[in-house]
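Letters are used for the chains, namely A, B and C, taken in the order the chains are written, and counting of residues starts over at 1 for each.
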Amino acid sequence: MTDSVLPQSLGDSARGDRWKPNRSLSKLTQKLIVLLFGAFAFVSVATTIGIVLTLIFETIEFFLEVSPWEFFTGTRWSPTFANPRFGIIVLLCGTFLTSVIGLLVAVPLGLLSAVCLSEYAPRSLRAWLKPALEILAGVPTVVFGYFALLMVTPFLKTFIPGLSTFNSLSAGLVLGFAVLPTIASLSEDAIFAVPLSLRQGSYALGATKRETVTGVVLPAALSGIVASIVLGVARAVGETMIVTLAAGQSPTLTLDPRSAVQTMTSFIVQITKGDAPYGSIEFKTLFAVGMTLFVITLVLNFFSFWFVRRFQEKYE
Amino acid sequence: MQSQTSQSSPVVDTERVFHVQNTDYYYGSNLAVRGVNLEIPGNKITAFIGPSGCGKSTALRCFNRLNDLIPSAHIKGRITYRGVDIYDKQVDPIELRRRIGMVFQKPNPFPKSIYDNIAFGARINGYQGDMDELIERSLKASALWDEVKDKLQNSGLSISGGQQQRLCIARAIAIEPEVILMDEPCSALDPISTLKIEELMHELKENYTIIIVTHNMQQASRVSDKTAFFNAEATEKGGKVGYLVEYDDTQKIFSDPQQEQTRDYVSGRFG
Amino acid sequence: MTVNSEQSPQLQETKANFNPNLKGRYRFDRVFKTISWIATFAGIVVLTVLLIGILVSGLSSLSFDFIVNPPSRKPEIAGIWPPLIGTICLLVITALFAFPVGVGSGIFLEEFSEDNLFAKAVEINISNLAAVPSIIYGLLGLFVFARIFEPVTGGRSLLSGGLTLALLILPVIIVATREALRAVPDSLRLAGMALGATRWQTVRSHVLPQALPGIMTGTILALSRAIGETAPLIVVGAATFVPFAPELSIKGLQSSFTAMPIQIFSWVSRPQDGFHEIAAGAIIVLMLVLLVMNGSAIWLRNKFQSNR
């Protein structure tokens, strides 16, 4: 450190001549740095504000042309046709179908993996299994899309009659494996954090390992587990490439997992892949759909916050 | 009752609940406590006292084989419960633990309702009777009923520390054990809560055999009938190994101990 | 049951109130344990099948020409040069923007901000942003960077794409920075300030160097997530067919762009098998890039941990 020992206001020290600290400069630097970094920190807030404003602005434009009644109750979706229809239910249904299939895979497998990693796997094996799950989490979703469309669908076709080339089943299954690491990793953290004393209390009552896990440890980790599942739901709802590639682009109102559907996200990709001109109804529709998606994730987020706050137990 | 238990004179088995014969306690290859010989009488309170690190908690946790949870922990020797070697291959630790309840140093109620805290052990062990009646009986036996009877559905973590510890005692006695192990049950509690637990212990010994580990010598002298004094000595490797110094009636340990070390310890000269 | 010499080593049940049914409970325990092991390996099996499948169909298309050729309508002669360069350019733009802003925010929140409303708002905001789907960031980029700032960014350009990705990974870098700073012991800060240094001087010369490996690890992991992202780039307006690599100039920044994931998406969406094979080839290249990045992040982390 080049700066010194005593400021001038404390009086000249015996060695005063040899120390020339530039206090005002270093204080100024600090002020500027704090200002700059504060502005940087504001960027992330601005991102949220930007997202909200962008979506609101174009959504209002959208609703000036399309009645909210049609948007929320219509059962047909064809915004690019000559006679456009805007029933968001169709896209919601597609998103619902692929997400539910995905979560049926991701939630049980993710939770059981978390239990296994935390309670059953020996430490040495755990050191290999966790990174393997991290690799799964790091696979780009477009690669999962390739996997779903070109490997899983042909495989499923061999024993599921009537499975179309694009279908929500294959997209949902692969989506589940893409979401699994999120749920497994966050749940594992929560389960691992349950204090040893609770486990001992359970064993001392004559509980077996499984009874301790499902009767004491999982309930004790509940808030963390629910938070991980909610984040998994948000990922599944917002996932784009797998469903775009494997579930197709046909907006039909169906719950048949063998047929093609269109999700909110794959609609956005379909429109932006082409060149939707600014100001066109297609362009505004993008943002109305985006707004719907954003509101869903926001609701999920608030639920997660509320749940964690309400049910988180503090252990010493 | 006999005065020195190092030589095991014949005692009727219903009187002698535990019999520890020449037992060494290990963690991996480290000897933690060596050469313990001890007989625990039924329907009495036996206190384990001694300085930290003397292995009294280790010795306690072997009575219900809770130390099995630590993979490296094992014993050499023989511990019998009503004549049955509890480390025999045919003895199931799960079944053993149902018969030998335990209360821990810090209150550790499960993050469930007060009701479910008690019902948990009974349910998993296949309790055949009326659950509501069992909950009420257990809470009454642990002197907690009047304080919580109107809030059985509240979380077990919502009550005070002393109440939590009594809830843990209620939880332990709900599965109708014969023995209750207590590992410094009052060390995290205030004096008034401590007093309540001590009073409770006096009532409980009518029906249960109690072994309590405590740091607090006054507590040992107040509540226990018999006292075992453990001490530790340094080993050549720089570790510590515990051993049983003296085991006798509490009154004798505190008024007329046979060993010099015991006299020093109970008079507060070390530890 | 064998009978011991002294007494049967069975605990005699004295009270009839319990029906412990140990056999049934142990059976359930074993079933549960087996299922949880199967679940754990399910993910790993799927990962293995995916990787092997891609290697099998993609390895044959890998060659030097495949790397340096531009895309083509004929899969036999198509290559990945423009998207590969596009991805590298995006990576650089994203890093140049996200690293200073993310680290600066992290330092501000951890070292300079009191527990005030602003700090709290930023904190809640960051955890909120983590759950926002990446495609929404694409819409933000489309509206703000590609439309409002079109004179600066050139519209649906490389720069717009890079900035969008930067916003996407910003929260991850902020969180990584804060965690790395938190791991630096407070005594170091006190020691610096006791010597008469300002807080910033202390942070710059003592705290930051200590935290840097952690920050770098988090940044590399965030960047490797960014280059795998497809959806936001499509939305911002990545072109699916760009015959030339972008120029290294302001004009290049403002030109239309493509990237590896976009190219893979485009090839997978075509019906011909030939394109599917080169898509697998491109996936192998992309995964190799990711492997190198993640490997270096893990190497950094391990080096950092062993030094402590």
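Quick notes on this structure:
Convention: contacts are C-beta pairs under 8 Å (C-beta built on N, C-alpha and C of every residue); 3 or more make two chains touch, one makes a residue touch a chain.
No experiment lies behind these values; they were computed from the predicted model shown.
Top-ranked chain pair, ordered by C-beta pairs in contact, is A-C.
Comparing mean CA positions across the assembly, the chain most remote from chain C is B. Centre-to-centre separation between chain B and chain C, using Cα means, comes to 51 Å.
Chain A and chain C have Cα centroids lying 13 Å from one another. A separation of 48 Å divides the Cα centre of chain A from that of chain B. Counting only residues that touch two or more partner chains, chain C has 20, 25. Residue positions 206, 208, 211 of chain A are each in touch with at least two other chains.
Each of residues 94-96, 98, 124-125, 175 in chain B touches at least two other chains. Residues 1, 3-5, 21, 26-27, 29-30, 33-34, 36-38, 40-45, 47-48, 50-51, 54-55, 57-58, 108-109, 112-113, 115-117, 120-121, 129, 132-133, 135-136, 138-147, 149-151, 177, 180-181, 184, 206, 208-211, 213-214, 230-231, 234-235, 237-241, 244-245, 265, 268-269, 272-273, 275, 278, 286-287, 290, 293-294, 297-298, 300-301, 304 of chain A touch chain C in their complex. Within the complex formed with chain C, the residues of chain B that make contact are 81-85, 88-92, 94-96, 98-99, 124-129, 175-176, 178.
On the chain C side of its complex with chain A, the touching residues are 20, 25-26, 28-29, 32-33, 35-40, 42-44, 46-47, 49-50, 53-54, 57, 100-102, 104-105, 107-109, 112-113, 118, 121-122, 125-126, 128-140, 142-144, 147, 167, 170-171, 174, 192, 195-201, 205, 224-225, 228-231, 234-235, 237, 240, 261, 264-265, 268-269, 276, 279-280, 283, 286-287, 290, 294.
Here chain C touches chain B in the complex through residues 1-2, 4, 6-12, 14-22, 25, going by the rule given at the top. Across the complex, chain A is touched by residues 64, 66, 69, 94-98, 101-102, 104, 106, 108-112, 120-121, 124-125, 155, 157, 168, 171-172, 175 of chain B.
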